[in-house]
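Take a look at the structures listed below.
Both complexes shown next keep chain A, but they swap its partner, so chain B is in the first and chain C is in the second.
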Partner chain A sequence: MQFTKRNYLFARGWKSAAPIILLLPGFILYLVIAVGPSMATAVYSFTDATGIRGIAINWVGFENYDEFLFRGAASRDNIAALTRTLYFCFFVTTIQFVLGLLLAVLLNSKLKGTTFFRTLFFMPVILGVAIQGLIWKLFLLPRGGPAAELFSLFGTTSEFLGGQPKQAFAWVIVVQIWSNVGITMVIFLAGMQTIPDYLYEAAKIDGANGWQLFRNVTWPLLTPAANTNFLLNIIGSLQAWQLFLVLIGYRPGTQVLGYLVFAEGFGQTSGSVMTAFRQGYAAAASIALFMLVLLIALSANFIVSRREKKYML
Partner chain B sequence: MTVASQLPTEAPKREFRPRRGPKLWKIATYAVLLVFAAVYIGPLLMLVLTSFKTLPEFFRNPTGWPESFGFGNFTEAWDLANFPRYLLNTVLYTSVATAIFVATSVLVAFPIARGYFKGAKFILTLYLIALFLPPALIPQFQLILNLGLFNTRIGYILLFLVNPIGIIILVNYMKSIPKELDESAAIDGCGYYRFIFTIIVPLIRPAVATVTVLHAIGIWNELVLPTIYLTNDDLYPVTRGLIVFEGLYGSQWPQLSAAVIMLMIPMLLLFVFLQRYIVSGLTAGAVKG
Partner chain C sequence: MKRPIMWRLLTVLFALGLVAAACGNDDDAPAAPSVDDSSPATAEAADDSAAPAPEPEPTEAPPEDVTLRVLVHQNPPMVEFMESFNDSFEAANPHISIDMSVVEAGDLSISTQTRLSASDVDVIDIFGFANAAQPYMSDVTPPNWQTLIEAGLLMDLTGQPFVDLYDAPTIADAGSFNGRVYAINLGRVSYSGMFLNLDLFEATGVDVPTTWSELVAACDAFVAAGNSCMTAGGGDGWPIFVGAYGLLGAMYPDQAALVEGLWTGDITWDDEHSVEMFRRMQIYATEMLEDGVTGLSHDAAPSRFAAGDVAMMPTGVWQAPALDAAGVEFDWTYIPFPGSDNPEDNQYLFGKYDQGWAIAADTPHPEAALAYLAAFSEPSNYEAFANAVGFIPTQPTAALNTKLGAEVAPYLANYRVGFEQYWVQPTGAGQWANGSQAAAWFDPFNEWTDPVALAEQAQSDLQAGLDASS
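== the complex of A and B ==
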């Protein structure tokens, strides 16, 4: 009995099962904890599962989807949450992309102190949402906080996170970008380090100025990094919602789809909205979010691969 | 547009550019960087200053310099927030789950990287498509619930034993180790298990470090899963404990700030010493979104 391919030389016969046996614990865990449940989300979306042990689960067909998208005031809220998710994605992706690129360009020079700045801008990434959120909650304190002081210099006041839903939403975008622009920056910097110096030298000898160097050398050769960042930012921001949890809680007029799934599935009583454990419904919502991510990621990928062809031949 | 097509019209600029350009450019760069730095240092400075104030002092003067630098808030927050217990929980979850994850992952990744058995490619694909699968949140909860592991340490740790990106990083790195090494070790009579843990693991140390750091940071910072799976205060990790603390003592920012700082310090120390691995891990891990 031989379990492995011919190129496996450590043992023959039944002893050659060792690689497979040793692989199994990790692989089975992966199937049971990740892949299986992931697939099962679709199944649960057709049931009325509650998340309370011992209550029977019934098959309800497309009921959840119907309710989620078409029925009553709740469905209008859901559609609003969906639109809001798209807004969040749009603003976070574009701003984070542009700022990340700007920082990378500035830090790619041989100026003194670049290591310090790079470390500083990347640091929030490792702190996690709880700390990122609390730091900004303190900074955005409406009564006498630093941001409020800054606003009063310009003669305005703001309630920040406690203000109008739109305002609170905008601040979450700010914190989201503050927390994650470091990743975008680092990916761009890694891309820039692969661009050989002689291209810049050659272009300089031909008389190219700073903007032309960027436009005709850096930017085209940065295509892979730019594409990675573009896709990462889109997918990441469509699914991001934890900062909403820490910064403003589940407040009407600010929910995004990811938070909605959590609130419907696991109950969330913070703020004025109270929801129960409706896991079948939440599964349907999470499939809706998943479809949205897939659709947008695929179309983004289409755009990106066309751009890649343009520059890479 | 190519470089060549734009050159003729721009060439004369060369005359004056080297004299004035670089210096101005340098000043402008620093100016922009300092503005950004202020946006990053500002909130952190506010946090540090607040942590040294007494509560009345904070209400009187939220943004100013503290009157004295004492560690009263830190010791109070440490006691009030049940901090030692939370910290112990986090350390336990992070170390146990990361150790199991890394050990099992090396054993999964190696035969896949080498193609030692039929279906290795298929299994790798199964790890690659993980990024394009729907979130597992709800069925995962049902699974843990029905196993009777809801609100237990084991159930919580179970959630962190897989990470497809880790496997992919390991497989890619292992492919750079020459196969001849396997052959000569096998001929010399080295067993498979011993070969992996005494020869391969030391050789792929950078990848192992990256994966370890990536996974550990993810667990350390996790906030949603403890909110879902743990209802018993004794089982909370620090992230959850911090949010609960905020709920209870929400307006007591001095103590809350002290608690946040105490939580940040281990992460920042880790960051200073392992920056290279953290950056490579998190940029690879960012794919997870």
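== the complex of A and C ==
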């Protein structure tokens, strides 16, 4: 069949507007629930908004940004939270990427029980953050918990989530990877299953061993899946904060930027003390987080795009 | 064939648009039924409601059905009492049904703000007003309750007859702003004492400690006998430093003066007296508390204490009902934390005004909401409530007829509002500036092992905020 302009569904006259009309509801929805709030956040970051109806909102210019980045010792803590966010992103992205790839390679082979293990590794993804946190809090109980018993076999003890900030932080990284590695694995698996068998057969005829098959066939052809995973892992880990809330709460030395935004926006709780809601300030912190995500995601996207062109063209 | 497809698509789209339009605007929807629709729920109406609600005329039509939305925080004995009270209130007021939501204490402020802003609640549970900005403070954000009042979201309860049932200082301290009453506070709690397992004290041959030195010696004796000295819900973080509020109070019995001194520079966290307090907080956190409390939740701590091999549990009196529920089989008492070597300094119980009731200013059912608070405040109901939850009563006619009531009675004359209720962090202060929480920053709960270094860091972080605020 030869395609001509007449064959197009929406070709001439008013019909050409049909795609726009059909897209309009979705576009409006996107504007209302995504673009609108994002722009409002940017505007709010220049105000002293509390989020409480009836309280006047005043324009404060760059005061929130000034306070967040430069004012007193709190700015030092904010910068530390920002640095911690980058550490979290680096470790989660790296380990989750490698582990997801490893699991996908193993579960893409013709071993017995692969379906069961695919389900098993993916299962944490469908659990809510609260459930994930509860499971790990019970597992990591320092007094009589399974992990403590395991540690005792090696003659050591740990306070796990309630102990030193660095230790607690490391355990949140572990839980974050556990809860999301299933997605990474599935994306890699989907990518692997699009690679034609004849490529492997041809390589084997040429004498390629297992590593060479992976290095020269699987890995290059996994480029789209790898790039997707890379970006998703980076963005997901930079925005992560719920697990920090559920697992360790608001403790000095453990906050990441996402949690800081939440705590400032909705009042940190300390016993029964409820601090003020500073949603204008939280919006400024949120914009700082957004800029960080944007910068890193754009850089990563630039790198992976180059790699995609190299392998896929 | 293309035209019919197009028309069908556009027809479906148009129909969806109509549905969305119909759902999107409820301005014309009928108002929810209310007890009295002639009483618009506005801030102005709230002012008018300062006068007692008029008795309905006998000839009036029967009142319309009303659903009163009540928000409370999770506290098992309190929720249990409220469910029972709601049943009896509904039985006495057949046209009013209660829709009570229960949220975690930590989520109460968020739920309160969002539901008040959305006009989605009638009666709210609100903690006693505290942390107000003082004249010696500068550049501080007002506390949340003040913002809610200034936004006109809380009803003015001034002049309501049930307000007079509560003692005047409580209403003034914990429920008033600018001379108007916005909340009735239902009870004081002490958070600075500790529960003692008296049977274990007797079995170990240890007397109840009255000074810090005696407490240290007692702990050594319990550990030497193979028991634990103290437990606390360290998994939640805050019970560790709240458990040391008695130590803070013993070292600084005038907590309001401590806050003022820290703001004005007359007291510093790294002066000799404060450093000694930090040293004791470290001993409490690292030596007195048993191993493994870093994973013990606040709710689970009473069960651990009830096991019988822990001598002391520093925490608030609100844990007394949980102790009963945990089936404690030994004799216990509750005493102030002996944090000072001067017994005179260890006689105070510090605490806070706990739960209270407020009404949304724009509730569509102001009469039903006021009737709910009036019924709750009836002396017999209130006394039952105070005894169920273990609050120190704020109605002068109520008595705490429980074991806890008997145990704390000798200290009630020395009850004081604690540091937590006075402290306001200077804007720009660092994360270590609130030294009252230092107990939770020592190993094993956090990274600090040197009390002098932590005291200096706390003062440095505080000073940075004071400098930035000045």
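In this text, the second predicted complex is superposed on the first by the 273 of 313 C-alpha atoms of A that agree within 3 Å, B and C clash if a C-alpha of one lies under 4 Å from a C-alpha of the other, contacts with A are read in each partner's own complex, and residues count from 1 in each chain.
Operating definition for what follows: a contact is a pair of C-beta atoms (placed from the backbone, for glycine too) under 8 Å apart; a residue touches a chain by one contact, two chains touch by 3 or more.
Not measured: the values here are computed from a predicted model.
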item: Chain A residues touched - chain C or chain B, whichever exceeds; value: B
item: Contacts of A:G249 with chain B and chain C, given as first, second, both or neither; value: second
item: Which of chain B and chain C A:V217 touches, first, second, both or neither; value: first
item: Partner chain(s) touched by A:L141 [first = chain B, second = chain C, both, neither]; value: both
item: Touching partner for A:P25 - first (chain B), second (chain C), both, neither; value: both
item: First (chain B), second (chain C), both or neither touched by A:A190; value: first
item: Touching partner for A:F266 - first (chain B), second (chain C), both, neither; value: both
item: Partner chain(s) touched by A:S179 [first = chain B, second = chain C, both, neither]; value: neither
item: Touching partner for A:R53 - first (chain B), second (chain C), both, neither; value: both
item: Set intersection of chain A contacts, chain C complex versus chain B complex; value: 9, 18, 22, 25, 51, 53, 141, 143-145, 266
item: Residues of chain C defined as touching chain A within the complex; value: 2, 5-6, 9-10, 13, 16-17, 105-106, 108-110, 113, 116-117, 127, 130-131, 141-144, 147-148, 150-153, 191, 234-238, 242, 291-296, 352, 354, 420-421, 423, 425-433, 437, 440-441, 443-447, 460-461, 464-465, 467-468
item: Footprint of chain A on chain B - complex, ascending; value: 1-4, 6-7, 10-14, 17, 21, 25-26, 29-30, 32-33, 36-37, 39-44, 46-47, 50, 61-63, 104-105, 107-108, 110-112, 114-118, 123, 126-127, 130, 132-143, 145-146, 150, 158-159, 161-162, 164, 167, 179, 182-183, 185-187, 190-193, 195, 217, 220-224, 227-228, 239, 242-243, 246, 253, 256-257, 260, 263-264, 267-268, 270-271, 275, 278-279, 282-283, 286-287, 289
item: Residues on chain A engaged by chain B in the complex (per definition of touch); value: 3-5, 7-11, 18-20, 22-23, 25-27, 29-30, 32-44, 49, 51, 53, 102-103, 106-107, 109, 111, 113, 117, 119-131, 134-136, 138-139, 141, 143-146, 149, 178, 183, 186-187, 190, 203, 206-210, 212, 215-217, 232, 235-236, 238-240, 242, 245-246, 261-262, 265-266, 279, 282-283, 286-287, 289-290, 294
item: Interfacial residue positions of chain A with respect to chain C in the complex; value: 9, 15, 18, 21-22, 25, 50-55, 67, 71-77, 137, 140-145, 148, 157, 159-166, 248-253, 266-267, 269-278
